[in-house]
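Each of the two complexes below includes subunit A, the first together with subunit B, the second together with subunit C.
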Partner chain A sequence: MLARPALPSFDYVRANTPDEVVRLLQEHGQGARLLMGGTDLFVRMRDGVIRPQIVVDVKHLPGMRSIEYDEVTGLTVGAAVTMNQLARHPQVQTHYPLLAEAANSVASYQVRNRATLGGNLCNASPAADTAPAVLVLEGRLVLHSSQGEREVAARDFFTGPGQTAMRENEFLKAVRLPPLPAVSAGKYLKLGRNKVGDLSIVGVAVFAFPDGTVPSGYVFRIGLASVAPVPLRAWEAEEVLATHSPGEESFALAAEKAMEAATPIDDVRASAAYRKAMVRALTRRVLGSVWEVLE
Partner chain B sequence: MAELTSNPVGKNTPRVDAYEKVTGTAIFTDDLQFGPGLYYGRLVRSPHAHALIKSIDISKALEVPGVKAVVTGQDFDTRIGLYLVDRPVFAKDRVRYVGDPVAGVVATSEDIAEEAAQLVEVEYEELPAVFDPVEAAQPDAPLLHPDLGEYKVANFIFPEPGTNISEHFRLRKGDVEVAWPRCAAIVEDTFRLPHIQHVPLEPHVAVALWEPSGQVTLWTSSQSPFAQRDLIAQSMGIPHGNLRVISPYVGGGFGGKAGVSMEVYAVAMARAVKGHPVKLRMTREEEFIGTTVRQALVAHTKIGCDAEGNLLAMETEYYFSGGAYNDYGVNIVRAAGYSCTGPYYIPNVKGDSYCVYTNLPIGSAMRGFGMPEIHWGIEQIMDQLAEKIGMDPAEFRRRNCVKTGDIILTGMKMPAIDLVACIDKVTKAVNWDERRGKARPRPSAPHKKRGKGIAIMWKAPAMPPNPGSSALVRFNEDATVNVEIGAQELGQGAFTVVAQIAAEALGVPYEWVRVSAPVDTKYSPYEWQTVASRITWSTGNAVKAAAEDARRQILALVAEHWDEDPANLDIKDGIVISYKSEREQPLKDMVIYGLPNENFEGWKGGPIVGHGKFMPTYVTNLDFETGQGPRAVVHYTVGAQAVDLEVDTETGQVEVLKIASAYDVGKAINPDLVLAQIEGGAVHGMSSAFEALKFDERGRPLNPNLVDYRIATAADAPRQIHGDIVETPLEDGPWGARGVGEHVMVQTAPAIANAIYNAIGVRFNDLPLSAEKIFMALQ
Partner chain C sequence: MGIHSITVTVNGAKERLDVPSNMTLLQMLRDKLGLTGTKNGCSAGECGACTVLVDGEPVNSCLMLAVEADGRQVTTVEGLAHDDHLSALQEAIIEHNAVQCGFCTPGMLISAHALLERAPRPTEPQIREALVGNLCRCTGYLRIIEAVQTAAKKGGA
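Moving on to the complex of A and B:
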């Protein structure tokens, strides 16, 4: 009924190679869990939701904690890069400020010292604060298995609450973001019950840039958190902004469409009705502030 | 050497515990080391809100390696409680809330105890449960305590056996029926407050050792070491002299560590493994349901005034949801009854205050002790009445608030206070005149609305008539001082204030005084409890008396030595001086060794020990039918708060820009500590306005954790917290001081609600004021 006083006992293994991780996953199946920051894993273990026999620490694998930027290929973030590492990385701040902003909105500073980008995505909570940013930045997730590596687009990664496109015996090594247009703007707005440290009741990320091939002259991408079984893109809302010139009227219409895309639930944090209304309010607000930068 | 502070009363002396707490060296209960013999306890809790216990099978739990004992209600034929002895040590034949402990498992580690606790098999037969206090008070409601008539009860508490009503306080003054037709404006409404939890930084923890000799020691994080000794001794059949309670620093209490809650389980489990200390500590989740909560309230209140704005009549019914056991809660309800008007003079009053058993966690003391609950409705009605007759709400309060010498609702004469001064200060601090018309400041964004609100309060220490304090003052060879008290340092600064009082009364520098800790019932002088905002006043009086006793002894000795009149002597900065002969005698050495006669032909004096005590002797019982009596309480502390805020109309979010508070503390022994209370109270008051403990339809808690129970953090705190101190001396307070620890959050929620109304024109009768609720009301 209530959480245990402490974690139940488990075996801890620090993996040194990707192959070792895959082997342990094959050996233990559901009995094995991968550890990066532990900010979700340990909480779920203490709550009694899961009880792995073996916890495999993957954050020491090569590249898991590195951030690399290249003008041509873009940004590669190791899965075990922490939120604080990401938020204060100069190149992330310069080239992907939206990602830095999203990372900085997660929980509290102390938690962000441990919580990782990969963990936030793999946990696949509908409320994951970095997910809308990764969705609108069109990130790709690098998955490792015995068959080698494959990439999955973020938009295809989330399949349900806590569910992802990761296959058994597969794990996340890195997140790749393509290089961004020379002119762009992005913003993440989250609504919590208080100012710091809350889970999102609603999270809205918008990323936009000029594009002559689009009727409106601008591409707007909208990502939503905490309002559906998975973090999602508000495609119809984006379509509105591809065909209507940017401004209060089209933003209101797009916000309406974003609200329609949301299928939230009632829970102790908020009702579905409030969440839907907040998708509309926040979307309009974020579109407005992103447009202020671009205009 | 650092500068020494003479005459420290009224000065901002640094806290005596600052260094320890800032550096992390202060010792709390869980820090204490007990060696390899230490066992751990875990509790088995009921999953049902109301059920009969058909059987308990502990055999599987006992088989777990490392398990040393499992105890259940069958092992104890006794109950425990402060005012109403209604709580079994472990649930015996029935459980009354989700979380009610049915068994305790003792093992060599906490983990093993937890594993084994999950193997205790309890068979239940579910009973209909009741959660709403109004429903629970009805004659046909499921009965929680069929044996209520058999419970031992204090002589000023009146349970109604055969019902769920554990206390009914009646207040009758004047004739409301005659008054209603004379009212030009009447407001009648129902207000609801949910359960909230104290959320102390340090969760409850207790370690008990039952020695084979029969000596029992309890180490505990407690506001009430002496009350725990008394209640646990009575309940467990331990001679008082054999039970020793030791309580190091407390990491926040707010009333949640008053009386006895989980500590008795540690003692009960220790009895089963004599010779081994047993540690029981609450997880944060257990803290929410396994200790105590603030009672929920449903208030039906009707108040009327004449066209000039004079209050004429009030009729009110308070239904407190007392939870499963009301051993402490009954007195909160009594306090709400005898203070039911709030800080107003109203000539005609009919009040009924009910404590009602409900199948929810145990309602007990929490900062404000019934006052935040009743002020929530009263303070909104006062605003509505003022609006109806076209008067400024601050002016309406100035006109009607209690004043010195008023014969208040119980028939008691109001001791000296100045609530009007408090109102003046807070209205000035928020530029009150800007709340209407053109003067109104522009909000920070077009979708925001700005508003200001005010609320005032009163609160008396709610206690038995005769709670005592005592103190000892002893010296070291260098004339530094040890003050011994049984009052507890909860973070409020009690030890600092006590040191200031002792230094001032003795005539030694503040820096010479140490307060002996931890509180230990074997060595510390008696103290009833660290509750009711009574320590500065009551313990302060005892310490002052002890210091004056020591001072008298010193002056008598030196006067004899110098052959002078003690009336001509004084102690300044640790030196006895004569105003007549201008001789000087440092306290050093003489306070231990005395003074030698001429040519060392013998000695006089000896170690100086000052004794002091304080107990109010003048509080009377109140009439059962009318609540009338000469002296209901020792005194009241009063105060006002004004709030300036913005409401985001697109999200319903409230941003509190400023909270201004002013309290009449009689005398601020340490103004910085008063302001610290004002600051903490404002933030705590915000938490009480914006959050609630929630339950599903079967009484199961939905948010017993800090993920979903959101208290205000530093980031949520108002941008400005303004504090003003009013000093109208209290007749029997040390230098006139009265308490202020609880008062600082009593009226924060209605002040916020009144400001929200000023901003958006919507009233909210039910807490919490969630953003969602405000947004939905605007649609």
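Moving on to the complex of A and C:
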């Protein structure tokens, strides 16, 4: 007897070219689902949330599992690169430690061996742990369709819970991050019910660097997860830090603004009120620790 | 539904199998190959009872298709002992009485084995982090952590 619960029936197809993926998406519409790590897809199929007739494995397409770094163009991460691959890649650790930190905060070690950066972003969970990092690093998503490729900025990608700017018949090939300033600091602080391994109740990423063109002399970017329908930037908080000298006072003011930007819900993990308070607390804390590095 | 002919190496033995599209690696191991050491717990990647090594790295076999294992090397708990000798880690688990009902043990062994392969002398926080995806409802984890420490002292996995 088969172990239960089994997955509902579907046809598995291993795609070899991007065009093949587009063709299958055109042919099957909502009946086709793309497979990379499967850590969300198979759970949702078992729960009956989705019932695809065809599952298209896209992780073997050229470039989908590679990480490339170039000091001029920056970092290109194939959509099917796993969280562990990202977290332990020497150039990601050296040049984009914030991204490595975010990837390493996802679920458990064995899930991170399968879960992918692209899957985390395309599922568009408000709680996606890599989203705040990609937002503050000003990542761009490379989307492929029959019309070729286009790039969408991460800030325009998330449109609602589980909703993205991806069109039908389009799929994510890679995530591009621009090269970073010579001096910079970043940190992702995640509050879960447990110290590690849990979904985030609140996630705050901060990325900052000196910039002479900004009144305060520093650019601070703040990304939030789990506190709104989509992962988002706390623009007003960032504006505060562009115009006020970095320090406890401006950090407290920015944290207040970040809290105002958050529009969380009550759910099984925490109440909305608690989440808002934690956005303020965590934002102030992350700003402080990032500033310690830069100062 | 499609049937796929795959070749997969399980605990060192090459297997040629025909698997349906929706068969998980876990089902393949248990139902096709009779390797029932690997357990089916939550079927959602939370409990870790189904953890096996694929090309040396632990994954939840309930969230991976059998067809995705084509051409890969799979190691289950049955593959940890050699020539009727338990591994140092397995011995340590017994020595520390780190088993009660035993349902989580195969997954714990696989995750801990993989940890000791990549970090032969792990710190306690490293052990806790490596095992966060393996739930145990009986032992309270402390004996399991001690067993991993003992295995590390005795020279690893």
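One rule holds in what follows: the second predicted complex is superposed on the first by the 291 of 295 C-alpha atoms of A that agree within 3 Å, B and C clash if a C-alpha of one lies under 4 Å from a C-alpha of the other, contacts with A are read in each partner's own complex, and residues count from 1 in each chain.
Following the convention adopted for this analysis, a contact is a pair of C-beta atoms (placed from the backbone, for glycine too) under 8 Å apart; a residue touches a chain by one contact, two chains touch by 3 or more.
Quick caveat, the model's predicted, so the values are computed rather than measured.
Trainee: Taking the superposition on A as described, I'd like to know which of subunit B and subunit C A:I67 touches: first, second, both or neither.
Mentor: A:I67: touches no partner chain.
Trainee: Considering only the touch criterion stated at the top, classify A:V214 as touching first (subunit B), second (subunit C), both, or neither.
Mentor: neither
Trainee: After superposition on the shared chain, which partner residues are touched by A:N84: those of subunit B (first), subunit C (second), both, or neither?
Mentor: Only subunit C; A:N84 stays clear of subunit B.
Trainee: Contacts for A:R285 in the overlay, against subunit B (first) and subunit C (second): which applies, first, second, both or neither?
Mentor: first
Trainee: On the A-aligned overlay, A:S9 touches which partner chain: subunit B = first, subunit C = second, or both, or neither?
Mentor: Both partners, subunit B and subunit C.
Trainee: Considering only touches as defined above, state whether A:A270 meets subunit B (first), subunit C (second), both or neither.
Mentor: first
Trainee: Which partner chains sit in contact with A:L191 here, subunit B, subunit C, both or neither? Use first/second/both/neither.
Mentor: In the superposed model, A:L191 contacts subunit B only, not subunit C.
Trainee: Could you figure out whether subunit B or subunit C reaches more residues of subunit A?
Mentor: On the superposition, C touches more of the residues of subunit A.
Trainee: Between subunit B and subunit C, whom does A:L199 touch in the aligned arrangement: first, second, both, or neither?
Mentor: In the superposition, A:L199 touches subunit B alone.
Trainee: Which subunit A residues lie in the overlap of the subunit B contact set and the subunit C contact set?
Mentor: Subunit A residues touching both partners: 1-6, 8-9, 194, 196-197.
Trainee: So in the complex, the part of subunit B that touches subunit A is made up of which residues?
Mentor: 42, 45, 47, 98-99, 110-111, 114-115, 281, 283, 285-286, 289, 650-651, 653, 690-691, 694, 700, 702-705, 707-708, 710, 712-713, 715-716, 770-772, 775-776, 779
Trainee: Can you list the subunit A residues touching subunit B in their complex?
Mentor: 1-6, 8-9, 191, 193-199, 268-271, 273-274, 277-278, 281-282, 285
Trainee: Would you tell me which residues of subunit C are touching subunit A in their complex?
Mentor: Interface residues on subunit C, with respect to subunit A: 1-2, 4, 20-24, 26-27, 30-31, 40, 43-45, 48, 51, 54, 57-60, 62-65, 67-68, 111, 114-115, 128-130, 132-134.
Trainee: In the complex of these two chains, what residues of subunit A are touching subunit C?
Mentor: 1-14, 35, 37-39, 42-43, 46, 55, 57, 84, 107-111, 113-114, 194, 196-197
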